[in-house]
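The structure follows.
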Amino acid sequence: MECFKIYCGGDFIETPLTLFVSNPYDGKDFAQTWLAEEEELKFASDKAKEAFAKMKLMAAYEKSEALNFIASEISKNEERFASLIAQEAAKPWKYALAEARRAVQTFKVAAEEAKRLPMEYIRLDWAVEGKGREGLVKYFPIGPVAGISPFNFPLNLAAHKIAPALAAGCPIVLKPASTTPLATLELAKIIDKTEFPKGSYSVLPMKRNIGDLIVTSDDFKLLTFTGSSEVGWKMKARAGKKKVVLELGGNAGTIVSQSSDISHAVSRCVVGGFAYQGQICIHAQRIFVHKDVFETFCEQFIPLVKKLNYGHPLSHDTEITAMIDESNAKRVEDWVNEAQNDGAKLLCGGKRNGAYYEPTVLTNVTPDMNVSCQEIFGPVVTLQPYESFEEAVNQVNNTNYGLQAGIFTNNIKELDYAFNNIEVGGLIHNDVPVFRTDHMPYGGIKDSGIGREGIKYAIHDMMEPKILVK
Amino acid sequence: MECFKIYCGGDFIETPLTLFVSNPYDGKDFAQTWLAEEEELKFASDKAKEAFAKMKLMAAYEKSEALNFIASEISKNEERFASLIAQEAAKPWKYALAEARRAVQTFKVAAEEAKRLPMEYIRLDWAVEGKGREGLVKYFPIGPVAGISPFNFPLNLAAHKIAPALAAGCPIVLKPASTTPLATLELAKIIDKTEFPKGSYSVLPMKRNIGDLIVTSDDFKLLTFTGSSEVGWKMKARAGKKKVVLELGGNAGTIVSQSSDISHAVSRCVVGGFAYQGQICIHAQRIFVHKDVFETFCEQFIPLVKKLNYGHPLSHDTEITAMIDESNAKRVEDWVNEAQNDGAKLLCGGKRNGAYYEPTVLTNVTPDMNVSCQEIFGPVVTLQPYESFEEAVNQVNNTNYGLQAGIFTNNIKELDYAFNNIEVGGLIHNDVPVFRTDHMPYGGIKDSGIGREGIKYAIHDMMEPKILVK
Amino acid sequence: MECFKIYCGGDFIETPLTLFVSNPYDGKDFAQTWLAEEEELKFASDKAKEAFAKMKLMAAYEKSEALNFIASEISKNEERFASLIAQEAAKPWKYALAEARRAVQTFKVAAEEAKRLPMEYIRLDWAVEGKGREGLVKYFPIGPVAGISPFNFPLNLAAHKIAPALAAGCPIVLKPASTTPLATLELAKIIDKTEFPKGSYSVLPMKRNIGDLIVTSDDFKLLTFTGSSEVGWKMKARAGKKKVVLELGGNAGTIVSQSSDISHAVSRCVVGGFAYQGQICIHAQRIFVHKDVFETFCEQFIPLVKKLNYGHPLSHDTEITAMIDESNAKRVEDWVNEAQNDGAKLLCGGKRNGAYYEPTVLTNVTPDMNVSCQEIFGPVVTLQPYESFEEAVNQVNNTNYGLQAGIFTNNIKELDYAFNNIEVGGLIHNDVPVFRTDHMPYGGIKDSGIGREGIKYAIHDMMEPKILVK
Amino acid sequence: MECFKIYCGGDFIETPLTLFVSNPYDGKDFAQTWLAEEEELKFASDKAKEAFAKMKLMAAYEKSEALNFIASEISKNEERFASLIAQEAAKPWKYALAEARRAVQTFKVAAEEAKRLPMEYIRLDWAVEGKGREGLVKYFPIGPVAGISPFNFPLNLAAHKIAPALAAGCPIVLKPASTTPLATLELAKIIDKTEFPKGSYSVLPMKRNIGDLIVTSDDFKLLTFTGSSEVGWKMKARAGKKKVVLELGGNAGTIVSQSSDISHAVSRCVVGGFAYQGQICIHAQRIFVHKDVFETFCEQFIPLVKKLNYGHPLSHDTEITAMIDESNAKRVEDWVNEAQNDGAKLLCGGKRNGAYYEPTVLTNVTPDMNVSCQEIFGPVVTLQPYESFEEAVNQVNNTNYGLQAGIFTNNIKELDYAFNNIEVGGLIHNDVPVFRTDHMPYGGIKDSGIGREGIKYAIHDMMEPKILVK
């Protein structure tokens, strides 16, 4: 069984506590690593502070070259990374490979942004007091960053914290999800070879009680968390003087207008609804289709859903596989059953086998059902017809979440109305809400979070402006 | 008869050459001013250089307050300005008043932009040679500016040169159209009261031979000309080392798609086609209507054109009046007659009476007719049906000009296609090409000019970057 | 006695709880207003939500004109505002008048920024997934804002919350300091006359228990607080899902290098040290002078401090007057006495009379004395000689605070070193730390706060980006 | 003898006219290529237009990857490029290698800028007419570009035209200097392998009469020329409707203040004065040293100049070698002799041997001598003492040129004064005027040119804004 030492303040180490990593598809352990305790966290924090003093002095091209090296090494080893991701997260191969490639892009973008850290130069002579005065506003890195990343994108959602931190000049201590620590540990081997000083990056799998210390510690100037809403908002209250960025959950809505290309909408909704078993924050959970095309939509959609190919995550033609664990699959099963008991109609799927839950489509759902108002984080999609466009927008908004939404339309007024009125961080035209490029601003409103990722935007939160009045 | 002294290097003066200003509607002289000769031009240029040394040192708030004062005084005297414009240019009162109000806005925007002159601060450490280096890029005013403005917007098209020059810190010597010098001379009385140093603004009516000296003189660092294409491009070749900005003619196209609101399109096209007798560079000269709605469009459009109210420019309900002079009216008459001889069909209008030419609509025109390929600069509109949207776009592009265009559609694909493919400086959605706000970038491509106005954009051409490598 | 009704959800009202406002100089009540309770807060919050729906739809020019109207009305009534400020805050007339004028500037800047709310348009085709895609990033107002403002700038520090909120399109409920509610209530009379909908602005004096409800309420999307560090950081933990901006205290350091113009440094330090009795967050509390010029500095400084003219705040030649209350004067007295007991040497001042504390200068202080490490918020300055520039910078940084600092030098290396190494939000070259213009980014790091004010920067926190992927 | 086919519209071809390329050091031909005539120019122009239609549709990442490939291939073959440059231009090896490396950087920067082409999104509702309106300002490539590049940086000054053109989406036809065509022909072999369509890049050595056709042709939308002032300004008048960017000559001034580090200044001035035999537009031709340190400066400077190592350009320790041709060496000889006749004093150098002219230092020069007021473009430096800093600035400005200047000082007031008053495009602090990084804005004022290079800035001139009013 392959062993991955944890990466702590620049050293690859073992600790007294072993952690086994299993493949959710078959439940078998396939790798081993270790859990950090308070001592390791302290060491990593101290080294981060030492690293910070050096990182502040790195030239743009030095950071940029190191980040490009990381991108290049991930690229060269994309199959290695995809294999780790596929196994630890039960992610079908093609999605795992796509994630590895996205991480390449994430580091490449960071390599460019490292040269373009924000700076302003402004006139101060807008009133007599400022006559003869100008202001240079430089942004300085804030200091060590604490990152907590989720299981569903073990590499790229961590990369969205690591890459901007390194670009900004901030060391980062990362707590990966305990179920999926391998991709970020593999990444450590690459970062260790760069010119970033020891301590710039630590990746420490840990139990929640140690994770709590990260949240409350004064050693970090920013806490950036991607995970569930429930956990995230509690952290905000306990974070002390730190800045906090939260990338939380969603139950994204998608509107399919009668003016759209229905076949295109259908094929994108299959991907948006069932990619990685729906375990994506911007999974197309709730689809609203204009009544005139609802039947057509269903007729095309259901057969495609039924055809999704179940298999081992490492198999190249697998389209759907097990969920992250059986307890989550059971939760999904319960919610679907509840919904059916309350009047929802099952169009396909609905059965569970261990950690596997069939791709499932429901209709006749009401906004208060868990399958609708909660983040399902599983392979379940609801389909509802709508009469007026305004009604569809209201339904999309009828939730506590507000991450992303999709809209299929060819009508200018509908698109404008949607953009002005849908309460989300991102609206995707003619595609499903899962669309994301790694340099765009990404994040939610309402219960879906606070702050934005996307390299430039993440960097902004990791820097502090200082004005020189000249 | 009211006399307007010319404003030369900070002095209101008379010269040996008088210039009478007449109302094109009745041909009667109603005011008198004077023509500058080489001596006055030299004096104004010298004073401009002196003023430049002082303007460079003005604080942002000082320029801003002076520009706000100008805006405020024009606003207080908007009827006075409208009256001068209406008479010297034969502009119907409501359009003359609108122009005065736009000039207020032009100076207000400049008052803000004076505080926001461009500045950049950039990292230079993108490669090892730049390690430890940063760059401050400050934009400095280039020096005295020469402006030449046309008859059709005697105040606001001059304001689009004067306001950015003053905001940037550049003195300006303006040659107004000889037929319409009064609005800018009236403006001089206001500018004279501000803190801008004497010589910051001169307005010198002059004959073309003196105007030529402005074009070739080394005293100016920028020539900004609004007028005909024929004249403009010749100036470019003779301008020496100066920068040159040319705002020239057009024969703007408008597309009316079957997906649009036809009544709205019709009512806007009446304004776009006949406001100020079509003597506007972005006049809606060529209208292309989808064949399915062409008949409907014509049925609504022609009666409205016929109803346009002819009268004295000072009358508040006049909608159409005389052209700038009889020779232009004859030119328009000739072109319309030629077109009819070559197969065009007259839908209304077509008669001339002195300098007045009836609002005229033609169809069955071909792209090579003068009414189509030339800038008509008169109250004539051509209407053509189209079959495919691509064809309509090709027709809009089938000309040497490229200033603005309008498109009425509710179809996202049509709008995207139009924006990517129509060769113009500005495309107006759901309105006619005459739309312009005073802070937007405005100007043409192809034979329609080089450079952009719109305060911020005009200022940019009036400044020169200087980098301090620190 | 003049009565000021409180302004709640668009109505001027009285409540059962009266609040008397006294002049700290003589302790006499000179005005009366009322305290809001939970009911009024609820009403104001509800009206704010209603107003928000309307404010979102206001055009830029509508908000801009309304903000310019407010600026203009404050300007016309600057003596009225100065008189209220002088009395309620015991602020010498010239400083009170300056504050009124700064508030004019604050609203003027907001009037401009209302037209320039952030928007981005970005290419998304940086990787193959984004081919053909572009992103429009529009910033939308976040919703109702809760503001809490301090006693020391009753008008302008409130204006720094009100003006950006209105410009952004966010209604604001303001809790002024209970001791100084009048300036913001007077302001309400002006805002009430504008086109901003009822509920856009409420100003509610209230006891701390009601203020607590503002902090924890879900009705507000942002809490912006200016006040003490102790109170501020506690609020952050209790603010729920809200964004939080904290503008807290400081004990600003100033360095006087041997390369500087000493006379200039001295005269600015007198102002920076004793303006408004030192009750300013960026008061020049700690002055470090190079040892070669320390004696000269002291010889010039002390006589000027001694000459500061004590008197009634409304008297035009008063330079120093009573502190905000006797308890604060006693606190200052205690800290100075403690310092002397621990070895500090009194160069002048040191006596208290009721709420008045003499302008006081200490030397021989150590960093751990309260007069040095705490925010004194009173008329006390410490003077220390330094040997090396690095040492001076270390001393400036030797505190938990980090708001602003001043540096007098003519040496490029010293200035660069200082800017890169002094831990503050703003460094003022050749002036004292109290320098601030109303459009510059302003705020602290370390314990001095989180976030920045300065209209554009404050607006940024009041808006939420939404991307349209096209 | 190695043969280099010319690269015309995507094909490597020969023509009836051969061109031999010689090494100026020994006068021997070492390579052969061909001259294009009108026919080839026409073919290249036509292919450029075809390529343009395809380049407009390339995604950012496609252009970016192709540009990165170019950078990477130059880097892999840096010695090959250095060898060609060293021989065709008689450039000492270390400078030739540095140029190859700079070209790598130039293409890398372009690869990034290709993703960041300018776009703006602006509110138009600043006045009532714009209510509900917003504007998308997209910048589109203008079309085929004509580039003319000089002998002194055969690769990188061409790269500064090619790289931004390709990044912007504009095809480019380049006329290299006839003496130094090889580096750009070698580059063609790389560009030919990329995804840029055939016709995107042509490199055509040609006689001046064919070059003239490029200048006047309507096939190009921009002419970008780097070369002599005399030739450049004439082109501007004959360029028709094209935009024109001119990067012309200079006689850069450098100031050495008594507050500076003299040894540092001396060593940099040796490089700035004699690198590549002074054949650099920003060569440190005129050095002004404060009188108090003038003697010290001379004592350190002259010995270092005398020690410059003469040799073959391919030798790695050569510091100085032959000029580009004997006629230029004779011109330099004449000017130095003239200056001596008119009273200048020779501190070292002054002799010619064929195309080699010794590193020469003069003092006692007057501003009207050719060695001072003309661009010497040879290994000659003048040294003058100054009394006051203002006088030094005046002397730097006492010329028709205005490209870059250097200033060695540690005094803030001197630096500020210099930046505000020296009339140049770039001022380098604590270094010589030859400093340039490839992404900074670079270009001159006065007779030194119009427009700026530096990738982002060059791209800006190659694009045309189009606004969509929505």
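First chain written, first letter: the chains are A, B, C and D, and each begins at residue 1.
Rule of thumb we're sticking to: a contact is a pair of C-beta atoms (placed from the backbone, for glycine too) under 8 Å apart; a residue touches a chain by one contact, two chains touch by 3 or more.
It should be emphasised that the depicted structure is a prediction, and the values quoted were computed from it without experimental measurement.
Seen from the C-alpha centroid of chain C, the farthest chain centroid is that of D.
The interface with the greater count of contacting C-beta pairs, when A-B is set against A-C, is A-C. Taking each chain's centre as the average of its CA atoms, chain A and chain D sit 46 Å apart. Centre to centre, using the average C-alpha position, chain A and chain B are separated by 51 Å.
Chain centres here are Cα means. That of chain A falls 38 Å from that of chain C. For chain A, the set of residues that touch two or more other chains comprises 115, 122, 126-127, 130, 136, 138, 415.
Chain D makes touch with chain C in their complex at residues 59-61, 64, 115-117, 119-123, 125-128, 130-132, 134, 136, 138, 409-413, 415. The part of chain A that touches chain C in the complex is made up of residues 102, 105, 109, 122, 124, 126-127, 129-130, 133, 135-138, 233, 236-238, 240-241, 243, 415, 419, 424-429, 431, 435, 437-442, 445, 447, 450, 452, 457, 464-470.
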